[in-house]
Amino acid sequence: MKLEEFQAKALFRQYGLPVPEGLVATRVEEAVSAAERLGLPVVVKAQVKAGGRGKAGGVKLVRTVEECREAASGILGMTIKGYPVERVLVDPAQSIGSEFYVGITTDRRKRRPVLMTSASGGVDIEEVARSTPERIFFHTIDPRYGLRSFEARGMAFRLFDSKEQVLACARIMVDLWRCFDGCDASLAEINPLALLTDGSLVALDAKIVLDDNALYRHPDFEELRLPTDEERKEQEAKRMGLSYVRLDGSVGCMVNGAGLAMATMDLIKHLGGTPANFLDIGGSSSPEKVVGAMKLLMRDSNVRSVFVNVFGGITRCDDVARGLVEALGSMGDPPPMVVRLTGTNEREGVRILSETGISATSDMTEGARRAIGLAEAGASGGAS
Amino acid sequence: MSILIDDRTRLLVQGLGRDGAFHAKLMKEYGTRVVAGVHPGRGGSMYEGFPVFDTAAEAVEKTGADCSVLFVPASAAGDAILEAAHAGIELVVAITEGIPVSEMSRVVAEIETMDVRLVGPNCPGLISPGKAKVGIMPGDIFDRGGVGVVSRSGTLTYEVVRSLSKAGMGQSTAVGMGGDPVGGMKFVDYLELFEEDPDTEAVVLVGEIGGSDEEDASRFVAESMSKPVAGFIVGRTAPPGKRMGHAGAIISGGSGTAEAKVAALEAAGIPVADVIDELPDLLRKRTGG
Amino acid sequence: MKLEEFQAKALFRQYGLPVPEGLVATRVEEAVSAAERLGLPVVVKAQVKAGGRGKAGGVKLVRTVEECREAASGILGMTIKGYPVERVLVDPAQSIGSEFYVGITTDRRKRRPVLMTSASGGVDIEEVARSTPERIFFHTIDPRYGLRSFEARGMAFRLFDSKEQVLACARIMVDLWRCFDGCDASLAEINPLALLTDGSLVALDAKIVLDDNALYRHPDFEELRLPTDEERKEQEAKRMGLSYVRLDGSVGCMVNGAGLAMATMDLIKHLGGTPANFLDIGGSSSPEKVVGAMKLLMRDSNVRSVFVNVFGGITRCDDVARGLVEALGSMGDPPPMVVRLTGTNEREGVRILSETGISATSDMTEGARRAIGLAEAGASGGAS
Amino acid sequence: MSILIDDRTRLLVQGLGRDGAFHAKLMKEYGTRVVAGVHPGRGGSMYEGFPVFDTAAEAVEKTGADCSVLFVPASAAGDAILEAAHAGIELVVAITEGIPVSEMSRVVAEIETMDVRLVGPNCPGLISPGKAKVGIMPGDIFDRGGVGVVSRSGTLTYEVVRSLSKAGMGQSTAVGMGGDPVGGMKFVDYLELFEEDPDTEAVVLVGEIGGSDEEDASRFVAESMSKPVAGFIVGRTAPPGKRMGHAGAIISGGSGTAEAKVAALEAAGIPVADVIDELPDLLRKRTGG
């Protein structure tokens, strides 16, 4: 679960990290009064879950009430990378000396959390990683012990010379670790960590991604959920035990298993079609789940045909078949469908489908090919 | 021979809830020597002919179990892995999905100091056809043979195996290693075992986007493997931007995309199939069969 | 720092441990109204930092308001092992089936925390440990990982058969560990952990000893300090960097280092005298500290002579000498004193003392012998 | 020879505050090879002729220090011990007193997995007379010789050493191991080293009430030591009841009192002195000197 900047900053604050004391606004006048309370100049920042908002004009430094009103009304109407901006964060403007990068995520190769820092912070940190990797420092954290002061100091000495800044930065790193660990985050990032002209360090931006698998340990995080439309759909899917990501194609896919789902999409593409989505119905599938999955697919108006690809293991083919029959029965105008069923209880599943007049193929490539054909036919039909 | 499990494996099933009970039965029917179950509070009872214990320690002591398979809920799975490891189990297979990464990274840091191997979590398990099945895969699609299969995915493994079996290529051992960011054994660990196993003649590696495990495997194959390997990578059409902020990009460097993985495999001399059904032919060309 | 039962129970509650919901009272009528609020019958329990209060009559089960008034007024007037009872805890009476023991402390030999349990809980657990040690179970905790559920379950299965009780007990053990670790305790103990007749488990008594060295991490624990008179003196000493324990003898001791202080006391005893106290003035001693120490000694009216025994290492003999001169100068009627000074800056220390007419010996045994002689002379003088 | 430190020891001083700076100077004056200091924020400077670094890792890398002595405050001491250990220091001597037990037990659990020895905390350090002093003891009371001294106490060690020196019995190495409930090396560890050290002819063990370290030492002496050992135990007049609830009594069993310790030593054939000045005679009788 990705948090917006103002939420991440609120969590940072809980862990003692230095963040500007900003205010959130959803309306222009709210932003203006926030600016007046904080004292001008302020920075008005679009709250969206996408990167690159600065380049998109979603961050504005304003010096007067008029400028603030103008900036807020402009930003609150924007859409950045498909995300409509519903909130702005109004932060007091800071006098910045230089910008650093500090982040913690999981290093999959080492299977441990890793602290990353750079004296070249700011928007283009990824470019720094690509072109001058030697300017980024890594420190693997042993999760049994956490990030220790001496380790943080060792990293901080690579960024700063002054004793005060080293100790302040080491403290920030340890607190960032405590935040990452305490929140069960997948990512906790400060970019930039700004060295102000008065010598103090402040987290000007904040990014936190929470581990969805750990949310059950943090019931209070539920209120941090501010889903976009797209996320709302993915979430709804998740509640049903489904994993769904919408794409732009015309062949709807319903598959059990993430790997097989990706392979199915790749196969559709390989055969000249376009997959409409990633949809993993997961392990032990009940008929209800299949009904829900089918309804989810049908909400996407781009879908012209559906390819159901199930290899039964923990998923039982008869469950899937029953769900399909039920789903189709409850739908007024079901889309053209191709079903490929094989594996556990395959025979029973095929029997159920055939009883309702749905034919099933056992070959994945053949199934994909037919689904693409149906989509193309449906598209030309739809265009007529 | 085979890797990790065979007909001498003495299996303990941890968690006999709905899924655990169902698959314990199927594993036994497949011929696996299921010697014990662990389900706190059900100690002293029997299930499908094997004794059930309250703790893994007691199960190991009384039955000599050396391998365990986990069907416990995500919130208790890390604890169960450690319980098995501390009880002296040598191979733990964690089927459970949804374990927090922070939990797994602590578990992994601890078991690295112990004499235990972990398959998974979030995986279908593994099978040495005709000998033992430790997991949830449908046993009947597997044939005994000389191809080692290792995959990050579940159902995709079945698809690959089915294709191999159809082409007359049986498997020595097939492993679904699981796709979580932090887990147990990696491609390289399995490849090492397959290279040493006299019954394995060739290996199929099934990878997916994310991480750098396939890149590491490519290096290992180029440097240390004599047996032929063929690959398959899924996720070419996966939407971009489903990664985590800058940090994910920095730590992964250029790796992680399907293109990068295919390139790494090919650079190591590993032919990569475009569709699954090409795999048998690719292997045949490499083995000269 | 030892906590009283009601304080320990409050901490237990914070960590989710099941404790009866009792009320504290300092006056008899308060106890009575507590009993009425909780509902009779209740148990009235003396709050003192000494064991054996049950045998001393400090715990009473009462069924009526009159009984309660009688019990509270009796107990609030008691002195148990020298501790006057200033507070009682009024707990609702429970219907007890059987009693268990669960405790966590540090195993010095293994250098790790250890969980101890027994199905033979209750007051005589020490007797159980002595006579039937096989009835006590131990589990060493790796502090890096804490007490894990599976470990706790393994221990709980040794006490209980029913699945519900095993899981409840395992939960209690894990929560007790979290309490022990979170509070930086030296001891966290439930004795008895009662299995009630309704099948539930409750911590009927609670004992927590906090690690004094870790108190700086818990500023909020300061308010838990309810010192007895004796403790108040020890505490005051501690604030000056001194470690003081009063005994009954006549030779006051002022020594640098705990080991040497004990050796000094042993030596006085060995030579036929009686040490008045343990007093360690610690490492780097300033004159102020020595003045404070001297004043502390003089408050004890049993003291007939003072033996200052200093072996300078980190402590400098000249500091000690200056402190002594200053202390004696500020005292109207200083006690007879023998000073033994040796080690770092010995020459300078001896010079300072001799300038003020105080003679110093370099031999510990000789010094002790003379101090004992002065104490005996003082005692007969005081009796005249 | 001697144990743990000698004239080849390359010492790093961690923490150059008031006490650290004072004793660094004294150690150097004694002849110890002080090669570096660590004091975050003072890296690049010099003190008493040795370079000061910001981190222990850098100090070890640049100067080859193999031993460190800690003068950092209690709240930072656990971290400093680990910093030294992770920097590759082989022997860490922690003078600092007042470290929480919970902190030390974590530190000890970690360093047990590493190749490092810990003396202390809450100790005066150790000295190999005429070769090196790593700690805060007054150097001039020690004489070179063949008696190993190991003690849980600080100033008491000086008292014992003074008595030995006065009787013409110099010391190979004298160690104040510290008296905290959880610390580094124990009596047995030192006795083992003294037994192996060709220059140590006899050992004096100075114990005190609490714990069971003296009891363990007695067993070790009876079973594994050929060299004569004499003992001294303080705390016979210590007030009772200064122990911790039931748990302390249970875990210590009967041990912990001065009487129990004296009995254990004597049962192992170790003569125990009533007063310090008896120690030289007891040793002389045992060594036949």
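Quick notes
We call the chains A, B, C and D, going by the order they appear; numbering starts again at 1 in every chain.
What we mean here is this: a contact is a pair of C-beta atoms (placed from the backbone, for glycine too) under 8 Å apart; a residue touches a chain by one contact, two chains touch by 3 or more.
Because the structure is predicted, anything quoted here is derived from the model rather than measured.
Of the two chain pairs shown, A-D and C-D, the one joined by more C-beta contacts is C-D. Spacing of subunit A relative to subunit D, judged by their CA centroids, is 55 angstrom.
In terms of their C-alpha centroids, the spacing between subunit A and subunit B amounts to 27 Å. Averaging C-alpha coordinates per chain places the centre of subunit B 50 Å away from that of subunit D. Residues of subunit D found to touch two or more other chains are 106, 110. Of all residues in subunit C, those that touch two or more other chains are 144-145.
An unclassified topology is adopted by the chain contact network, corresponding to no line, ring, star or complete arrangement.
Chains touching one another form the pairs A-B, A-C, A-D, B-C, C-D. Across the interface of their complex, subunit D is touched by residues 145, 148-150, 153-154, 157, 162-164, 166-167 of subunit A.
Subunit A makes touch with subunit B in their complex at residues 51, 101, 103-109, 111-114, 116, 125-126, 129-130, 133, 136, 138, 142-144, 181, 184, 186-187, 189, 191, 207, 209, 211, 213-214, 216-217, 245, 247, 255-260, 262-263, 265-270, 275, 278, 283-284, 311-315, 342-344, 364-365. Subunit D meets subunit A in the complex at residues 40-43, 54-57, 76, 79-80, 82-83, 86, 106, 110. The residues of subunit C lying in touch with subunit A in their complex are 144-145.
Across the interface of their complex, subunit C is touched by residues 18-19, 23, 74-75, 97-106, 108-110, 124, 136-138, 141, 151-159, 162, 179, 181-183, 206, 208-213, 216, 232, 234-239, 242, 244-254, 274-277 of subunit D.
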